[in-house]
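Working notes for the structure below.
Note that the chains are named A, B, C and D in the order they appear, and that numbering of residues resets to 1 at the start of each chain.
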Amino acid sequence: MSNSFGKLFKLSTFGESHGKAMGGVIDGCPAGLQLNFEAIQTELDRRKPGQSKIVTQRKELDQVEFLSGIFEGKTTGTPIGFIIKNTNQKSKDYADIKDTYRPSHADFTYDKKYGFRDYRGGGRSSARETANWIVAGAIAKQLLSDIKINAFTSSVGDIFLEKPYQDLNFNLTESNIVRCPDDSYAKKMILRVQEIKKQGDTIGGTITCVAQNVPIGLGEPVFDKLHARLGNAMLSINAVKGFEYGSGFCGAKMKGSEHNDAFNSDGSTKTNLSGGIQGGISNGMDIYFRVAFKPVATLLQKYNTIDKDGNPIEIQGKGRHDPCVVPRAVPIVEALTAMVLADFYLLNKSTKL
Amino acid sequence: MSNSFGKLFKLSTFGESHGKAMGGVIDGCPAGLQLNFEAIQTELDRRKPGQSKIVTQRKELDQVEFLSGIFEGKTTGTPIGFIIKNTNQKSKDYADIKDTYRPSHADFTYDKKYGFRDYRGGGRSSARETANWIVAGAIAKQLLSDIKINAFTSSVGDIFLEKPYQDLNFNLTESNIVRCPDDSYAKKMILRVQEIKKQGDTIGGTITCVAQNVPIGLGEPVFDKLHARLGNAMLSINAVKGFEYGSGFCGAKMKGSEHNDAFNSDGSTKTNLSGGIQGGISNGMDIYFRVAFKPVATLLQKYNTIDKDGNPIEIQGKGRHDPCVVPRAVPIVEALTAMVLADFYLLNKSTKL
Amino acid sequence: MSNSFGKLFKLSTFGESHGKAMGGVIDGCPAGLQLNFEAIQTELDRRKPGQSKIVTQRKELDQVEFLSGIFEGKTTGTPIGFIIKNTNQKSKDYADIKDTYRPSHADFTYDKKYGFRDYRGGGRSSARETANWIVAGAIAKQLLSDIKINAFTSSVGDIFLEKPYQDLNFNLTESNIVRCPDDSYAKKMILRVQEIKKQGDTIGGTITCVAQNVPIGLGEPVFDKLHARLGNAMLSINAVKGFEYGSGFCGAKMKGSEHNDAFNSDGSTKTNLSGGIQGGISNGMDIYFRVAFKPVATLLQKYNTIDKDGNPIEIQGKGRHDPCVVPRAVPIVEALTAMVLADFYLLNKSTKL
Amino acid sequence: MSNSFGKLFKLSTFGESHGKAMGGVIDGCPAGLQLNFEAIQTELDRRKPGQSKIVTQRKELDQVEFLSGIFEGKTTGTPIGFIIKNTNQKSKDYADIKDTYRPSHADFTYDKKYGFRDYRGGGRSSARETANWIVAGAIAKQLLSDIKINAFTSSVGDIFLEKPYQDLNFNLTESNIVRCPDDSYAKKMILRVQEIKKQGDTIGGTITCVAQNVPIGLGEPVFDKLHARLGNAMLSINAVKGFEYGSGFCGAKMKGSEHNDAFNSDGSTKTNLSGGIQGGISNGMDIYFRVAFKPVATLLQKYNTIDKDGNPIEIQGKGRHDPCVVPRAVPIVEALTAMVLADFYLLNKSTKL
């Protein structure tokens, strides 16, 4: 099991969705950072279930309790231990999947890998784990207060926000429940999710993230390129199927003469198809990338599957699940971005004499 | 600098394209593996420059020399040190870029991060580094001899191989110089690269990779999911802008009822939009993913850029460069895939009692 | 900060003695291990304060609460999160050392390194951290149930248990409060500690540890030799000043013809000055080593020191401290030994084909 | 296999004594360090065989060849690859130990762990590996040019240099072949080694190392305490059986009132039984420690042992071996000390805001 992320700013986590608590250890946060605890809780609230009509109606307080590493409101340089208690587990909802493998879930693979599994709520494979990441990410954001990280919903199903990010007002992201910083697209997306929910179905989507004011020089070639670590982080989020930065998959269709970013005399570039990263190192331009989320696998419909012994079985999907994971994943994308940048920010301190 | 990859099967590398040699240390390869040295050299030959008319005409032997860790043809369990000498460096080609920042290269970022740079041939940012990966990957392939890893060129510019991989004969991949396992598409792609080359321009493309016969259970949640590490690896290759596996970005447009992979009674699935991975762990189905490469930034044209002091300067692109990086990147994608799978194969040995 | 230990069996910890809780994450414990929770608590009780008249009279329950990674009494292969609440902190005891640097404590170095410190009870530098290690070690012991690990007090001050370990009955270790498996020496040692305690002074000592029935092959050359990692572990315990294994410092006076361990025909050796390890790898013979503990720095006497500004200040030592750290350190030495062996046991699974 | 050392200043090595070359990769050395190549070679010459009449008469040039990471004499921040060719292997010397297990060597354990071994010259278990460490250590020394690291022979057999290090002139260490900075003791030690050599026997000894002018704040609690990492490093050297720092094993006999180091008003301490480290962090005082080396196991005598099948066999020790490993280990101890300090120096850059 590999439950740690980062080299100098490092998070190690634990927790199953229906155990006593989620939690983790943040190791390597520099001493002397005055923490804004409300801001941390605000980030948790952006992720928490039950926050709107288009997300799961499960209610969890998602309140973080810090156990160490902070003294008189400031980080001490020692590890920050924290827990988030699980308060609203309805394990009964899962009793009937105990011996069943739900399609496109981790039930089958966990059972095969580990010999058995904590089947309640997906156990360790639950996206509830991401609450831990929010905590570490919120602290990383405070460590990097000059950097602005903004993620937003850029598509739901086939509804795409067809505007360059430069034309968006990121202040609007939190103004609607789908977290799309454009009211008219947001309305369409919300409607789409509501339709899907009524059908007991789910739908995928994408999130775009923009990191601005990133110092030049972050990223460590050759196996810790900035975009490679961002990709690694994003692909760690449940349901993510793809990652692209800068020109991304579109760039693969282009010619070099179209794709190259010409320099201005100050070292900035006239275009930014590179996505703010050259050779794995930030160049001072905006970093932007896009993350693809598949539709949630849990449907509130009848479906056929197999049990542990390979017998066919008909299941009625129950529980309280998200019809679309994207709105709640926006703060998760931001949190991981902050963690990656914080780690590279610290690593960069020893780059040159 | 982060020049190591893998946890148990671990490669640490060094080398600049115009230094004395590239090389590395492979640590953690189990003892007792009878090595096929010809097969290793064959993989290097698939990557080497000068192999065909559509790749760079630079000539390098790319001959690997093993220095340790092998006795009487077998791995001993001790680290395998190796070097690949650089034999055909024309440092003069680079003298005039010494003080220049080429657009969309790593010149600017290396200079800013490290204070100065080895400007010859891109120094450490050169794709020549990938020769090291080929060596480790070729050994990983031999370690995992039951697993079949096949990468191929799936697009060049806007020419897409529009066939599902199941309809392809991977034995044809090496039958043409663009490494597309379909003759008719291959011809179109080759023509396209030749046109682009005549223009002194370059073009992007994509590579698809399929890993078959992968045992169930590889991958380590939550921060070393199999697809996350594959993504990390692919995004480490020079010029890569995106990674998607299974349904990928298309999956983000779908509904759960369309996307879920129903089980057969033997635990295999009727469809495989999941791409052979559930919850970060291989499920025994084919693993497949797609990697996007931007066009090479070095053009054999005149272009404007800046020098170190921000002065505008006109440059005439010279040297011997690839018009399209994709054909030579096919074995690199396979090598990294093998390294990732080898690492998870070893890590999986301690998963359960 | 480096708060993780181990590669595959890995513990990451947090906690200050006067914060809310100590705790940690055990990552990499194989799935399917049936845990004996009483045995874990028994180990904690061996370390806990207040257990006898010769240790600190502070009372802490030291009750571990597991939060994850265990289902129906068995490890699931996912990370085991746990906390140990701090119940009996008397922060007032420390108010007057807030601005003072106690001699031979970590007050001065923490302040200089981190800019400030959580001064209550030594903060992160408190030996209370070792309670976390006991938890992980107790699980490691259960993972390695065939291996017998026995530590004991082998000296207090200048009272040395002058018997080879082969002549001792390890079952007697827990029969007295100083943890010396020889009644007559134990009595002398206890008397010595009591005398010292009356003086408000403290005293050092040594612990010897013997690991028996260790499989051949544990240890990873060249930078993770078995004895090097054991040494690293032991030197991580508060107050430890030295480590030696096998012949140790005495071996440095010997001749090769005296020191070499001749083989029996079954591969065992007639003598064992090597201490069960050759070339960093266990050879199947008993592993034994000795650990030196300095006297606890906190005295219940008046002493002179300086405050943060370098002003001389007279302090009256207060609080509840151990006159001799050795009896409570015995289970800590065993716990770390078990963790090291568990890690190498798992690492050894990928050594050969 | 664990062939890497360090976190930010990291060395990964390879090589068997009778393979083509030893070598390694130094990753994480900051960019911009002007290297003194002669100084590096001087360190290698201090370790090399054949340097005097009291060491092995094997002749090796031990010339390091740098392959990367250096440009125009300065480190570039990219990995420094290097090799040291093996020039004087006499593999025939070892043909007759192919199927034999020499007492107190790693022959038996390597065979059992890996299934077979490269028996020539001890293969990977050879102390020739330490030449790699010298290279990395010599660079670390140049990185930390303000810190003075002096190791010296403090005992050979039962001849102990009975002077506090403060009374020694470290400039004398290189003035004699046993590397003892006191002429009169040096003479006795040299005589002792010569006697032992004549007998075809070997003898142990100790090395003391002093690091002066170390900045306050190096070392990372709790699992990377400065002394714990130093201990780990020293115990990685072939033949080392023990490590102690500051008061060491003597400290275990003392009382707290004797052992505590009282402060001066400037934060320095009146005594230094702590050995320059408090709570795992350097306090600005001299760091000093002692390392115990057992006698070399290879004797030039007849002895009895077993072959692979457990049959008794009589062996005549041959080859060219050190009668006492200590004089050549002095630069190795210094090199590892420099590497540890360099790593902590870089790690300390991210400790506080």
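Note that in this section a residue touches a chain if its C-beta (ideal position, glycine included) is under 8 Å from a C-beta of that chain, and two chains touch if they have at least 3 such contacts.
Fair warning: this is a prediction, and the values are worked out from it, not measured in the lab.
Engineer: Out of B-C, B-D or C-D, find the interface that copies A-D, where copy means more than half of the contact pairs are identical.
Structural biologist: Over half of the A-D contact pairs recur in B-C.
Engineer: I want to compare two interfaces, A-B and A-C. Which one has more contacting C-beta pairs?
Structural biologist: A-B
Engineer: Which whole number of Å gives the spacing of the CA centres of chain A and chain C?
Structural biologist: 39
Engineer: At what distance in angstrom does the C-alpha mean of chain B lie from that of chain A?
Structural biologist: 26
Engineer: Can you list the chain C residues in contact with two or more other chains?
Structural biologist: 1-4, 7, 13, 28, 31-32, 77-78, 113-115, 124, 221, 347, 351-353
Engineer: Taking the complex as given, what residues does chain A use to touch chain C?
Structural biologist: Against chain C, the touching part of chain A is residues 1-4, 10, 12-16, 19-25, 27-28, 31-32, 65-69, 71, 74, 76-81, 83, 113-118, 123-124.
Engineer: Would you pull the chain B residues touching chain A in the complex into a rising list?
Structural biologist: Contacts found on chain B: 1-5, 7, 13, 101, 103-106, 108-110, 112-115, 124-125, 129, 155, 157-158, 196, 199, 201-206, 216-217, 219-225, 227-229, 231-233, 235-236, 241-249, 251-267, 269, 273-275, 277-283, 292-299, 301, 303-306, 310-312, 347-348, 351-353.
Engineer: Can you check the complex and tell me which residues of chain B touch chain C?
Structural biologist: These residues of chain B touch chain C: 7-8, 28, 30-33, 77-78, 221, 346-347, 349-353.
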